[in-house]
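The structures considered in this document are given below.
Here come two complexes built around chain A, the first alongside chain B, the second alongside chain C.
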Partner chain A sequence: MSHYEVKAGPEAFLPPAAASMGNVLPDPGEAHIGGEIVPEDEAYDKAARMILGAKVPTIFPGPLVLWKLNEHSNAKAKAIRELALEAPMRIIPMADYRPKYPKIEAAVEINPNHPNLTIWHNKIDVCIFIGVHCHMANLSLKIIRGGTSCYTIAMCAMAGHEDACLSFRDADLTMVNKLKATIQKLKSEGVKSQAVPFTQFVMNRSGFVVEPS
Partner chain B sequence: MNKQVELKNRKIIASQHVKLGQKNKMGQTYTDVNDIFYKAKQTANFMTGSEVIRAAIKVASVGTSVAYPITPQSEAAALIGELYAEGYVDEYFRGESEFAVMGQCAGSAFGGHRVFTTTAGPGTLRAMENFPMWAGSRLPIQVCVTCRGINSPLSIQPDTLEMHYLLETGMLVWHAETAQDLFDYILKGFIVAEQPDVHVPIAVCCDGFFVTHTKDTVDLPPEDLCLTPYDPYRNPQPVMDMETAPIRMMRDPFVMKSNYISYATHASWQQEVKAAVERSRKHTIPLLDGLIDEENTDREILIVGSGTAVSQSREAIRLLEAEGIKVGLVKIKTIRPFPYEEIRRATKNAKHIFVPEFNVAGWLAREIKANIPDNERVYVGPHVAGGMTMPSEVIVEEIKKHLGMEVAARGTLG
Partner chain C sequence: MSKEKIVLCDDLADVMPPEYHELVENATYGDQDRGWKDIGSSKELIEQHSLCAGCPESIAFRYILASLPAPEDTVFVGSTGCTSLVFPHVAVHNIHSLFGNQNAIASGLKRTLKSRFPGVEKDVVVLAGDGATVDIGLDMTMQSWFRQEKFTTICFDNELYANTGGQESGLMQKGFVAKMAPKGKNFEKVRLAEIAREAGCAYVAVLTVSKPNRVEQVIKNAVLVAREIGPTFVQLYTPCILEIGKQSMEGLDEMKDSEQIGGRFVQKEYITDEAQKLLDSIKEETKIRKKAAKEAKKLVNA
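Up next, the complex of A and B:
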């Protein structure tokens, strides 16, 4: 049994891949919290509490939900926006995976090759990866764990991520809505969001940031 | 591990492919791998290893196979050509060299096909640059490596030295002992390698000639069943187009940028490929019934081997048993991922561990020595190389010699 706990960093100059430390991914119906396999329902509660307790909770949607590949990705994208409004959480897209040179616009985008820059710039303390290809998510999650104190949550549509502090697997539209419902429930029980007030930036079709109308 | 992967009553997660249960153009029914191996009636056949490769590919729903002749895999590659002519493989052609073949395999895999190829010896070495490229690009290509000598002066005979070079490529490396293993590993290898959390290439290795050119009894499932096809939408990595935005990974490579973060990306990328190999354990253990097989591992003398060295060891153990010397056996099925925990557990009571190998380097003995406590217990050998056979009597002799026992004198010229 592995005793490697996956927690928010900064962990090391080069933290190990949790899979190489012996951590195993959850089976269907399960999730993991810090590397420990738990029933999926337990993970909703933990994720919702982490989001509500954060000052700058942020969703990083990837290409699989940013592009209207099919009706499911379309519906999922809408559900993610509703989740962000409910919490509230910021949305900073990981639109593609190429390294951004000479300099990333850390206020409005995140990139898997240097995700720590976005987290440092915006002081993000809790984030959700969703719609990011698994390889790229793992690439980012290790770098984030290595150099930042951000608590990472993965809502993975495939098998999950050992390198996140908390990971769901098989995350579909229903599961996004279930996380939103858990946040609603906690709020109705008196748990208050600690998020600092913010205005979500809006981009036009050319990619320029514009004032929200 | 945070959760022990149990063998009992465990199956690999069943396929949910949209074509499951449908028929392909040859009338074969796309079937979950669990059902092919554990539900369908298996029928005994007497065939060579090369024919076994053909039989496996016939039911493997392979999209593309690229061929290039090199002994001892040429016959298998030619037999796959027959399957193409019959309609069981969608694309088949001959490359210009092994290097070209592996590049063409990458292109086919980027395009979303299940890809299979075969190579051996110098061909494996000539193609080598492509293997870490496949792994880094997360392409679940399968190459069947029918091991032979790689060095000059050339030998076409069995030798497993080329496997040593494959160990750090980021590929899964499995080593078949028998023709039955070869059949099973080819089909199961596709399924494990294509899992979204694994999704790296796999080398299914066997010892050339000993397995490829000898006949053996092999249980085969019905030919009207076939594996569910590869599902490119479960790829953990978008296709790495070399030129076209937005995924122009090779055109805007971070390797070209000399700053700290580019190296961190590379490091994380390499770690992720290694992690993917580790993740394959969870899927491999139920399908192969564990990463190792054990026989009498409570004994003080153990032989640990892989490939046909295991077959020779079985006979050596029988000969030693007749003399009252009791020896246990560990058969290693997967070299990558290496069964670290399993080997430590299986060897914990052993006082003498012998590692017979068909190569001059003794790479398997090194792996074991690096992994277990009190590694002076490991005797690196017996070795043969360059195509020599390893008679069981040689293993017996070496074990007895090492233990300080009397051995029969060999014939002398005098």
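Up next, the complex of A and C:
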């Protein structure tokens, strides 16, 4: 089968599913970059460089790490926060899969049915999906590739995502920490973060405690 | 699933939008007295819906979800129809079955849950339209009643096939002219409640969704009786305002008119003696529990 490269978009209104173009998922210990299967270590390096080279790198944590389903979820949430602080990256939650009417608040949340709105609003150029159920991640990744120029990274706890520009598989707590360690290593080698300065918003029941910058 | 799981992770709670903080604080999981009065503040089960503006089905959904005795241990089985448009917005486990197959699926599900979770009472509730319950799925519906399967069947009766353009259904009233039934219906409305009673349902109720307290009581009765005794059936009139030529604001009036004396949906219940005995004992237990809670509160305040 011909090799179909999964690049950052905008590709088309309806980009093809990468699987339908012959792309396959990585085996354990592997990852894929643009559809090409590579050893996991190579993907850590590429992901860390993409994050550090981005102007608005952002993590989209999903329900599996936002809700304290068990202690593992809680520990993973902690690791995600540490990763975000290390890079630095913004955190914008995908709290709900249900469509929201009349519209989402694109500055503070992302919805899988129209993720492009959040990407456009915040001018996000690199994002990481983590803790999002696979079927919803697939939907979002395709929409993002179709209509935005954002580079997508999937840290999937299952078998990975063909539709991401870069995808890990079996991503557990250790792997999130390893990505953080790779970023630390690159920084120590002199690679500087290109992220524009920002303030991470903080919210409570009455709304903003700290407004996003 | 339990209320303990409706908690945000410590390190990411501060990035969650306000409505999720509210959801955690107002969740009703585990509350024995949850009911329709929680609709305004509790939204862990449903918040928005995708039905037409003013659709009585949407409010029926809210009342039903608010009335479930144990939503964390309930599984819905739905079927094709307007109801299936709402399930993607509902945070209760649900299965979409083939058109008309819902009671067969629910039978298997109930038995499996009983075997898989022997120590937990898992409720199965079928929620389907009149097409799925009475026309296409009547065989499956009735066979599950004959077999005395212990789950609740709720039929949203809008008296026609709504989302396919208004075809005649078994529950349509005689003489009614619909968009796709231009000559009017030649036969009487199927008396499903009486069929359910004769087929072995321990608790049967027919009503509209104009009065939330009545809907709450009926749903609670149906689910609790199904747990202990046998099949139960609830027929709710949820008129399709589009197909009967009404405006968004007129759904409630339509339901109120139809439940007047002599109307098609005057509230009625058929309860077996065994079911009545069970409901009486539950009522008594609730009364004692509430009284004890009130006295305990008094002591704390004193």
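Going forward, the second predicted complex is superposed on the first by the 202 of 213 C-alpha atoms of A that agree within 3 Å, B and C clash if a C-alpha of one lies under 4 Å from a C-alpha of the other, contacts with A are read in each partner's own complex, and residues count from 1 in each chain.
What we mean here is this: contacts are C-beta pairs under 8 Å (C-beta built on N, C-alpha and C of every residue); 3 or more make two chains touch, one makes a residue touch a chain.
Everything numeric in this text was worked out from a predicted model, so none of it was measured.
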{"item": "Clash-or-fit label for the pair chain B, chain C on chain A", "value": "clash"}
{"item": "Touched partner set for A:Val202, first chain B, second chain C, both or neither", "value": "second"}
{"item": "Chain B versus chain C as contact partner of A:Ala159, first or second or both or neither", "value": "first"}
{"item": "Touched partner set for A:Ser20, first chain B, second chain C, both or neither", "value": "first"}
{"item": "Chain B versus chain C as contact partner of A:Arg98, first or second or both or neither", "value": "both"}
{"item": "Partner chain in contact with A:Asn122 - chain B first, chain C second, else both or neither", "value": "neither"}
{"item": "Touching partner for A:Cys134 - first (chain B), second (chain C), both, neither", "value": "first"}
{"item": "In the superposition, chain B vs chain C on chain A residues touched", "value": "B"}
{"item": "From 92-100, 128-136 or 164-172, the chain C stretch with C-alpha clashes against chain B", "value": "92-100"}
{"item": "Chain A residues contacted in one complex by chain B, in the other by chain C", "value": "95-96, 98-99, 101"}
{"item": "In the complex with chain C, residue positions of chain A that touch it", "value": "61, 65-69, 73-74, 76-78, 80-81, 91-93, 95-96, 98-101, 105, 108-109, 200-207, 209"}
{"item": "Complex contacts: residues of chain B adjacent to chain A", "value": "1-5, 13, 138, 195-197, 199, 234-238, 245-249, 252, 254, 257, 261-262, 264-265, 267-269, 271-272, 274-276, 278-279, 281-282"}
{"item": "Residues of chain C that touch chain A when the two form their complex", "value": "5-12, 14-18, 20-22, 25, 47-48, 50, 88-89"}
{"item": "Chain A to chain B touching residues, read off their complex", "value": "1-2, 4, 14, 16-20, 22-25, 27-28, 32, 35-37, 63, 95-99, 101, 112-114, 116-117, 133-136, 138-140, 142-143, 146, 158-160, 162-163"}
